[in-house]
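Sharing a structure here in structure tokens format.
A, B, C and D are the chain letters, set down in written order, and residue numbers restart from 1 in every chain.
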Amino acid sequence: MTLLADLLSTVFERRYRLSFGTGGDNRPVEDLAEALVGSTAETSGLTLAAQILDRYAAMDDTEKLAFFRHLATAMNIDPVTVKATLDAYEAEPSKATYRAFVHAAEPKRHEFIKRLNHVPGATEALVRMRADLLQLGAGEDALQALDLDFRHLFVSWFNRGFLVLRPINWESPALILEKIIAYEAVHSIDSWEDLRRRVEPSDRRCFAFFHPAMPDEPLIFVEVALTKDVPGSVQSLLTEDRQPISDQTAKTAVFYSISNCQPGLAGISFGNSLIKQVAADLAFELPGLKTFVTLSPIPGLMGWAMQSEIEVDPSDALSVRQLAAHYLLEAKRGDGQPHDPVARFHLGNGAIIHAVHAEADTSQKGMAQSAGAMVNYLYDLSRTAQNHEDYASKRKIAATNGVRTAASAFPTGA
Amino acid sequence: MTLLADLLSTVFERRYRLSFGTGGDNRPVEDLAEALVGSTAETSGLTLAAQILDRYAAMDDTEKLAFFRHLATAMNIDPVTVKATLDAYEAEPSKATYRAFVHAAEPKRHEFIKRLNHVPGATEALVRMRADLLQLGAGEDALQALDLDFRHLFVSWFNRGFLVLRPINWESPALILEKIIAYEAVHSIDSWEDLRRRVEPSDRRCFAFFHPAMPDEPLIFVEVALTKDVPGSVQSLLTEDRQPISDQTAKTAVFYSISNCQPGLAGISFGNSLIKQVAADLAFELPGLKTFVTLSPIPGLMGWAMQSEIEVDPSDALSVRQLAAHYLLEAKRGDGQPHDPVARFHLGNGAIIHAVHAEADTSQKGMAQSAGAMVNYLYDLSRTAQNHEDYASKRKIAATNGVRTAASAFPTGA
Amino acid sequence: MTLLADLLSTVFERRYRLSFGTGGDNRPVEDLAEALVGSTAETSGLTLAAQILDRYAAMDDTEKLAFFRHLATAMNIDPVTVKATLDAYEAEPSKATYRAFVHAAEPKRHEFIKRLNHVPGATEALVRMRADLLQLGAGEDALQALDLDFRHLFVSWFNRGFLVLRPINWESPALILEKIIAYEAVHSIDSWEDLRRRVEPSDRRCFAFFHPAMPDEPLIFVEVALTKDVPGSVQSLLTEDRQPISDQTAKTAVFYSISNCQPGLAGISFGNSLIKQVAADLAFELPGLKTFVTLSPIPGLMGWAMQSEIEVDPSDALSVRQLAAHYLLEAKRGDGQPHDPVARFHLGNGAIIHAVHAEADTSQKGMAQSAGAMVNYLYDLSRTAQNHEDYASKRKIAATNGVRTAASAFPTGA
Amino acid sequence: MTLLADLLSTVFERRYRLSFGTGGDNRPVEDLAEALVGSTAETSGLTLAAQILDRYAAMDDTEKLAFFRHLATAMNIDPVTVKATLDAYEAEPSKATYRAFVHAAEPKRHEFIKRLNHVPGATEALVRMRADLLQLGAGEDALQALDLDFRHLFVSWFNRGFLVLRPINWESPALILEKIIAYEAVHSIDSWEDLRRRVEPSDRRCFAFFHPAMPDEPLIFVEVALTKDVPGSVQSLLTEDRQPISDQTAKTAVFYSISNCQPGLAGISFGNSLIKQVAADLAFELPGLKTFVTLSPIPGLMGWAMQSEIEVDPSDALSVRQLAAHYLLEAKRGDGQPHDPVARFHLGNGAIIHAVHAEADTSQKGMAQSAGAMVNYLYDLSRTAQNHEDYASKRKIAATNGVRTAASAFPTGA
């Protein structure tokens, strides 16, 4: 990825960076911000932007909050102007009236963020800035509105068409690999040796999305195991002393962990694309693969059971399995969607509930959240569109007969 | 650049592309477009987007115009809704009311273009689509408003922070080099041998900006000659039989040609950044370089002279030079800016008019547009910010005494 | 290839180079050469080696000849020492006696050439040096012996295991492509447009072997056309206005031109490897390819016909074809091998004579050397080993019945 | 390095590899070896070579020994033929007689090894084969002679001109970094965190030589610390909690560890080149660097002291320092060279003994081998040639006055 980084950023940019940001402009950062959106020359703009980013990097939380509040208020839209330009456009729709409206309807902080991004390396700083905002601005309406503007811009910048899918393996730079260790959110990686077992063997794969302007920062990654059969336990997948199989003999690709890496990109969904692109690619590379399936946690199970005053005996595998099937098929939120967040994600992608397993994740976390139960969601690319459609319009949940049978065997207290 | 292209797009994406767009959806393209903005699943969205791009690629001008008109009308903002959401926001500014306003104020075609871009390779297709729109939509208000939305998105996507500066030389792929030949707009390149003379010798350089999503398409490029002295004639710079000098002995970098490559990116300015970044880089690489200067055409000179009923004798070098100096310093548009477009560009960047030369471009084009006169604009990076400021606020034109003297010697018919 | 070059040579090496070779050592080059083989410190050795290469580069032919004669005589083996060390080894074979023999049996010029190669970039210079030697040393025994030492070292350095196969296409650096134009030896390339027709269309391929120490210099390359049927005319293959086919629909790969690029590597055969590796690779990439065949000239035909006092009427296609078949199957050198050099090459590789065509190369060169006849040699990778064996041990020529029939129809003057 | 590996080996080669070596030729490996040197067709040769390498990889030590003995005897030179061809050459020196002699004087196993190397990836296998030979063949004259042939070929293949210097840093592939951990021979690296401290901070550098045919295997590497002053203790250099300095403010480059990685390349010296090239490069990159110095162990000190019946009190820093200085300057081998192997290496390179330190390596290993003493060897590139010369011809040891004074203060028992 270093080489990629070099190709993209190039020494040119790093040198260029040196020329800016070193200035000692003593004005308050709010004044610098106003100057930046008002500046007409790119060069002075770059100097201002670099200074603002440097100043921000040195702020404590109180200062950041003040800075965000300034953006949220002083750089907001002016409803009076918006209304006036809208009236003018309605009266006579022309290029000029439309331009005036568009200009008025977009708050100045939009332009502010875009200009900050002119500085080489700024994209990463801005993603971190939004992570701060999400944390500091919780519950404050004006800051949440400001966040909407950040998010709006990021959705545009991190458009699927600009993302790059890259394999992560034992030949990847340590710089990237240490981030995989740090960001793994599902089944934590506790050492470099553990990492190596996830990315080096012939029957393991890992893929991540990158953005060219942040070439050393994965956005999201998925870990894949290549197996003969659909697995029913994550322990057996990750055990240290297993014997790897040749990727040529694998029949099944198991997506057993998906982790988002950037808190500052919250709400911008990459996971759906990632799974489907990786599935399409693996199918091309390894024609022997016939089944694409997850091995997923059921994080909402035990919380829901407690709320529902259902007693769960984790040592009774049969009833845990029935409970899990019942939960996935029947437990709903107020809006009619499944209670379980992971289920919502995969069903929304058009997957089908393929099988439910007890004693599948016996880690402390696994026992606590789902009494050890896990679930396979199956991705049949020829059917995901229809499944999605049915789910989106009719809340219909696709599941195998086996899962339905297990669910109906669950004693619903009647 | 191929390698860069491979790194970025990767085979993955190309394979992925194969899975889409082949469908035979017979609905009118307008229906596909509505379906795309309404679609909630990414996969079906990709298929739709790929089909729309394929259908567009096969359209003739009449069909394109109809397609654009559909976007301009059916996917426009709805002023009533905008006003209602704005009122709600004014009454109670919250995250929810702001979100509703933002959603209403952004026409659906915005989302439409963003979704088209999800398809691998779509960015280039969209840039070409806007080139069509600029040509077909001239003079039609609704289409010009539509173009504003394209432009708005492109300004965001082609943010300076996402561009990559790359040297172009004799080691560049033929694929890129043939585009340099095709796009050179100032001093045309008439063969591969001619190109080689521009990029291979030790005292020649060429740099271009690229966007990672269009790695085989330069956006803008600049050609540079490294010389001892500031040159007064483009013929002497480009003569076939000159003796190259070592780049280590050069004292001056001459930007003698800047060409935009993408009509679909019209109005999105890269030239200012390009000159300054290349200057900063060359100064770093070759510390012997002390002077950064252009050798620029004066395209507006003869047109203005004709309008002003000034007779020009191209063979009288002295008076051509005085006329050119006078024109650059004194001929103004209605808004007080210089009449000459190239002068506006460089003065706006903070450059200074350094010297004016007669018999400097004796090509047919050079004689026709400026009686053979050319001009050096000097970039002194320590002074461009101030020059720009003076120019932007007070229309003050920076020029050397030599140029001022020549201008004042011009007999202004008094 | 530039990028490859950068990766390999890296700026490091180029900087390092700067530190050497600039010295002003005024001793005769012969003294420098003696000093180099006698030097024990690498640093002073590098300086000496760089100076010798610089001095050589400035020599005229007379000086080069003197230099070569010095190497051939003053740096030759000493038979007396060889015999003495051999006797000692025979008397008591030990590590020490063997080492002494090996040292004595290798002329000092071996070490001299190896030490010259320590200088970054020297490999290319040494290959050019041997090209000079082959030309200047023709007919002079001592210089031909010197050439054997060069050749011996080059066989070791250019071992098949060190060569890199790279595709050449329209994305290759201009630097490489201009060499393809220059080195094409079979069907000359007369412009960049002509080159583009050979490497850009979907049904054209070109591959070359490179050595990592000469990354900008192809060693040998082959041009391939992908077709439906086995072609019988090179004109139809290369015609300007043909319609390319998709590589996915091709059934046949036609090797229509193989060119060695480095005169200094004469006698070191790469062609056999190249054809078989390219065939293996294309078979993998394009499973639809079933037939691998050449379209080859018959350069010896007309010369042999003249010698044999056979009159040839080029306009009589039938008899030209019969003559060509007869010539390929029956005309032999003193050692029993075929008279035609191209036939010897392909039959030695285990190919089979598949078909013979008249009016197949109607260029001036084609008419002059073979009355327009050409031949397809077929590479069936499952049979090349056996064919080779039969040819090598029994001079048996593999040919189809069609070719045999045509040959036997040739009226052999009985 | 992966990317480099890809560029070099390319998928082509890997595919090609698949086509060979799978055959089930049941002949003894000795017969395969004879067949390989006798084979005339490259293809069958490749199959044979791949099979021999596969067979070798599966051998135990006894089988390997038998295999080596076969090469050593059945593929040796034939003194009778050598003598006959030498006589013929002496009688009439011609190309033909010289060729016959060269052929006879080179044992068949030379050709055998070269042909094995035709298989993609074979170079690494051959380097490992020689490592086995060095271990198994110790003390057996015929096998040591065989080793001379391996070494002779490897000296040619690993010619300095073919090696590539590459920086190793935290952006390097994990695949390479784990080898740095494994091969570090001087100050062992005990974890990935420890490694990171050696390669990531701004004042640390690491460089390695690679051969293009073994792109994932470093041959030798050097670790460098950038400091203000010449350091006198490795503990202070490597302490976990130190504060890195900016590389721009460093004045001294300290080579504190050099490790050979390939036992199979024993006796082929790269260290001299490596130090000097890294020094030249760092001097270019960081003009502030004025001093290039090692911080080296004195591995022979305590062994020599024991032999010489000198009692050493490690807690008496002054006398340890005097002892070390005395040892380095005065303790000699039979051939007049210094007793200490590291001293021989650096003095042979033209370095000067700059300073001697007690309590400089307080690790267990450091105390055991040198009572904690270490030494700085200074590389002054303007003087290394002369120093080397004096050392090589007159055994003169370059040292500072400080070191000489310390040495003469050592009480030599008189």
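In the analysis below, a residue touches a chain if its C-beta (ideal position, glycine included) is under 8 Å from a C-beta of that chain, and two chains touch if they have at least 3 such contacts.
Being a predicted model, the structure only gives us computed values, none of them experimental.
Counting only contacts among the remaining chains, removing subunit B from consideration leaves everything joined as one piece. Least step count on the touch graph, subunit A to subunit C: 2.
Between subunit B and subunit C the centroid-to-centroid distance comes to 48 Å (mean Cα coordinates, whole Å).
Subunit B and subunit D have CA centres that are 54 Å apart. Rounded to whole angstrom, the centroid-to-centroid distance between subunit C and subunit D, based on C-alpha atoms, equals 35 Å.
Shown for subunit C are the residues that touch two or more other chains, namely 3. Chain contacts in this assembly form a single closed ring in which each chain touches exactly two others. Those chain pairs judged to touch are A-B, A-D, B-C, C-D.
Within the complex formed with subunit C, the residues of subunit B that make contact are 1-3, 5, 170-175, 177, 192, 196. Partner subunit B is touched in their complex by these residues of subunit A: 4, 7-10, 12-13, 15-16, 19, 40-44, 47, 79, 82-83, 86, 89-90, 93-95, 98-99, 102, 105, 114, 117-120, 122-123, 141-142, 144-145, 147-149, 152-153, 155-157, 159-162, 164-166, 212-213, 272-273, 276-277, 280-281, 284, 348-350, 381, 384-385, 388-389, 392.
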